[in-house]
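Two complexes follow with chain A in common, the first pairing it with chain B and the second with chain C.
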Partner chain A sequence: MSEPLLAVDDLSLAYGEVPALRHVSLSVGRGESLVIVGESGSGKSSLGLAVMRLLPRTARITSGAIRFRGRDGAITELAAADAASLQRLRGREIGMIFQEPMTSLNPVYRIGEQIIEALRTHEVLPRAAARERAAALLAHLGVPEAARRMEAFPHELSGGLRQRVMIAIALVCNPSLLIADEPTTALDVTIQAQILELLKRLCRERGMALLFITHHLGVAREVAQRILVLYAGRVVEVGPAAAVIARPLHPYTRALLQSVPRLGANKNQTILPAIGGAVPDSAHLPPGCAFAPRCPAFVPGLCDRAPPPLSAFGTERSVRCFRAWELAS
Partner chain B sequence: MSGRLLEIADLSVRFPVRSGLFRRPAFLQAVSGVSFHLEAGEILGLVGESGSGKTTIGQCALRLAEPSEGRVLFRSQDVFLLSRGPLREFRRAAQPIFQDPAGSLDPRMRVSDIIGEPLVIHRLAASRAALKERVAALMEEVGLAAALAQRLPHQLSGGQRQRVGIARALACDPVLLVADEPVSALDVSIAAQVINLLITAQRRRKLAMIVIAHDLATVGYAADRVMVLYLGRVMEIAPAREIFAAPRHPYTQALIAAIPEPETGLAAGRMLLEGELPSPLSPPSGCVFRTRCRYAEPACGDAVPPLRELTPGHFAACRRAEESIVRAGGGGRA
Partner chain C sequence: MLDYLAGRFGQLLLVLFGVSVVVFVTMHLLPGDVATLLLGDRATAASLARLRHQLGLDQPVIVQYWRFLAGALSGDFGTSLRDNRPAFGEVLAAFPVTLELTLSALLLAVTIGVPLGVVAALKEGTWIDTAITTPTLFGVSMPVFWLGLMALLLFSEKLGWLPVGGMMPIGIHMARPTGLSIVDAALSGRAALVWQAVLHLILPAATLATIPLALITRITRGEMLASMHLEYVRTARAKGLPEGRVIRAHILRNALIPVLTVIGLQLGLLLSGAVLTETIFSLPGLGRLMVDAILARDYPVVQAGAVFVATVFVLVNLGVDLCYAVLDPRIRRQ
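Coming up: the complex of A and B.
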């Protein structure tokens, strides 16, 4: 296998004294899509922000490295990079989109201006040419009457169109990696389906890699080649998307899958299996496996002593559970 | 039918929208001619995307919003004509559950006071001791540890806050609950707990319930019947099982196809809806869905299609619902 585009190695991160990520490692290959799945407090958003180095001031990276391979082949260590090299990569080689486009767009600038600004920050080209490229990109992203919409302010657009504008800003410099943090969560389902289709098409067309963050396993399955499940700041399972969904190895992944009502399921025929309890407080994790207090497969004396290691399961999968082998057979 | 607890007849709601100084005042038609009923002990699910009018309908059912036209009958009485005493009784018997429990709980009140307040207002506790006992029983019913009684809302998790909201709604033994997006602010693993809690409470207390959500799978799971709304109009009403097995309205079919499921992803050969929701300030003539409908014909713009009963209990508002091409569009999911 060739060198990965993005390699996160043993990354730990804390807000003050409260850890948000604990020794997280992952890699994203060129053109590959990796989906980070987790609930609130799992650290999934912090991971995306850490790669972009957009973390709030209270956050500290306490261990590890984030290596990104640029277009010129040079590797930048993002966790330690200075402002100038970050500036060179952000927006140009790594793009990012967020959940609520309204809070990411500037309300007092026309959307065309905002796309052009992103482009001209990184590339030297005349205004008219930048304008043309921005309008062409908007049209390509399915914005009707793109040239006219360039003059619109963010509040004049629907949620779906605003998210397309965000995608345009992120993609206008042709980044090799797009980080998308819950980009469809604020959208209606029919619009969500459109945006997911669009992202998949763009990755195919441009050979762009995708680091997609979501709490929704259905959405994850739709865009992922590989899925990584986070729980309380730790990776609990990684593997090819189809395999993780069809045969989850970690009891948490399994429980998460079962607790989503399926279309057509009804209370009169099936009981919805819920996960009892709640996500533990990140400052006071249990001494053993963080999921142990909620786990149906919990074994006293085994699961509550020390955290299980993330171990390889076959060639493509990893799981952090003492009992994964026993439970899988 | 005598079992009808709530009857909504021809409900329309318009909101005035301020426009330019010299322009004609515009109206946003949030709900147009919606009729349905709710039997005692039944769960009706209301599904639709933003702008479908689902929240406004729920608010009218509780007399929290005023209709422009139409009536809301609770036990055969128009709730907007109730005098003081009967209105008070209605306020006791019909309770809301909100999406964002953080925003609907007073941040300075303790859990036990929040849950006990309806009992105090409706004078349902004879003494301080009786009040304390009722609150403790309610907390137990919704799965809140007794130790949480003196906590403030911000000291609780999202799931615990929603349980407080449910306990408060159940406090004075209502017969009707209107839950607007009760789990959409919660984590996946917590949402399932809260859905199960609502269903258990509804069964034990034989409550009638309206569950409003944008998530068809959740609504379909909890509901006995499902009503699908688009731009303020009813597109389809059917028993929950049928709406997935044989959706007859093209919009319902598109909505189902757009839901990504973990095992299958988006439905294969799906009907991806194109375009955006039309502006509710100037909805399309005739069928409001025709501008995004793959089966639309010129005649669909002529008149608003009435809601027709296709099979017993299954209604759809589509001129072409019987045609085989439209019926075939609903297969393959559920």
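Coming up: the complex of A and C.
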């Protein structure tokens, strides 16, 4: 990728003194979909929010850069950007949707109003025109009777419809990147599949890039072109989705694949029955490989001395495991 | 929405009926016979009986209540036992003074309290926050009577900046078409009178506003802090809204809903506070009228006043509830 849309470089982030991301690098090309996978607490949301610079006040970016290439070709370093440039990019060039469509919408405004607000923040156009565009977008997103639904309040809609409204808010200005943080986790299985299908279609139609966050590899495989696996705030594996799923390199990725087989099963899975244990306390990582205490391939004297580096595996893949080569053959 | 209104109206009638019963019973359970009180110890049995008959006191209690209720419905509570003027008329004449005092106090409390609460929340944990919140701790527990007297002593007696009491300097006469002194002064077209009316209102209104001001500041701050970290606020920022709009349209807008409830609840406190305030500052309002009437056993005036205050209170609460329904769409469907 010669000219990525988004390039995160060596990003570290801490809540107070407790690190949540450690030297994370990734890139997303134009129109590409990258899925971040990891158990709850691995730092996925922090990563998404860092790109939007919507982190809570207690969070500090301690190293690294987040470069975003705007429509005009200019690159903005988001980690150091001022409020004005962030406001210009948010909602206009980068959209974001969240896990809880109920609480993510303001309960006191009609949904049409909330979509129009996003549109009119970035584009100068008359109310009537904005309303028309919002309704057309809702209809396009599969909301029945869109014009009438514009008058509804969030509590009058189902979870699936609310998430479509969130998508409309995020997409109404045609952003080139959509960040979706577990957008289907709170939804029923059938609705989940519909929303994933919808997101895929939208990316295709608009040439929009997708940074999709999930703890569920089954969901990841539905939308991903590339997959990045996060463990305890570190990238442990990254590569093309098909290759990662067909032949995972990191023991953690393998465990994820074994424990969450299909979309829809194990809806809120956070522990891995195949390996047991939980993500280590981020303040006290083991001295060697962070996955060592849970790893079936752990070798004393090798894995517990220093953290393994993220190393290239072929041209398109990387993995953070001392034994990846050995295990792959 | 119509069902909601109808339901609220039914509630209103019920409350008023309850109030009428309570007022009636209280006045008739008060120790001492009204006729004896009015005529004195040396009245003859015949004159006492005549007066009781005049007042209807020789009728069965149910009949008395029925007459009271029928009269009340048409605004007729009988005549004052002190000066024979219609009791309800006296209440109506005194009400504008109380209304002006209460509204000014409320206006002060809201226009100062809400911005203070917002600033304290936005500057949470800084010295600005502390400087705003610490005084409100004392403010909520301030005895109105003591505060009023202290203010009077300091600003009027000692410093001489503000008038000691009343509504206008002695000797000034103006037409009183509305009974609201500032409005009447404005209608008279004399700027000096408006100024005088405002000067006379400052101390009583500020005294009465102290507790609600402190409460509104605290509630606004608390509600702002509570809504600040909600997910829809994050959505608002994710849209790229300027921070000012995020605060106004999303944080404050939602925080104001509970603040409004508190304001509604404050009105009861304001009305009772007005009684004390009017007494301290010699204002001829409803509070003063009621106190005087109770001391003189002028029960038609007391009854008229109590029913009137209850009606105002219930109507105001209805108004607050309606605002609430407008502000919070989730209420409307219930």
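Annotations for the structure displayed:
The definition used in the following text is that the second predicted complex is superposed on the first by the 314 of 329 C-alpha atoms of A that agree within 3 Å, B and C clash if a C-alpha of one lies under 4 Å from a C-alpha of the other, contacts with A are read in each partner's own complex, and residues count from 1 in each chain.
One rule holds in what follows: contacts are C-beta pairs under 8 Å (C-beta built on N, C-alpha and C of every residue); 3 or more make two chains touch, one makes a residue touch a chain.
Just so we're clear, the structure is a prediction, and the values are computed from it rather than from any experiment.
After overlaying the two complexes on the shared chain, residue contacts for A:Met166 are found with chain C alone; chain B is out of touch. Of the two partner chains, chain B is the only one touched by A:His216; chain C is not.
When both complexes are overlaid on chain A, the residue A:Ala83 reaches chain C alone and has no touch with chain B. Look at A:Ser259: by the touch rule set out above, it reaches chain B but stays clear of chain C.
Contact with neither chain B nor chain C is seen for A:Leu198 once the two complexes are overlaid on the shared chain.
Of all the residues in chain C, the ones that touch chain A in their complex are 229-232, 234-243, 245, 249-250, 253-254, 257, 327-330.
By the touch criterion stated above, chain A contacts chain C in their complex at residues 52, 54, 56, 83, 86-92, 95-96, 98, 100, 103-108, 110, 117-118, 121-122, 153, 155, 166, 169-170.
Of all residues in chain A, those touching chain B in their complex are 39-40, 144, 158-161, 188-194, 196-197, 215-222, 245-246, 255-257, 259-268, 271-276, 278-279, 294. Contacts from chain B toward chain A in the complex involve residues 49-50, 157-160, 187-193, 195-196, 199, 214-218, 220-224, 240-241, 244-245, 254-263, 265-266, 270, 272-277, 333-334.
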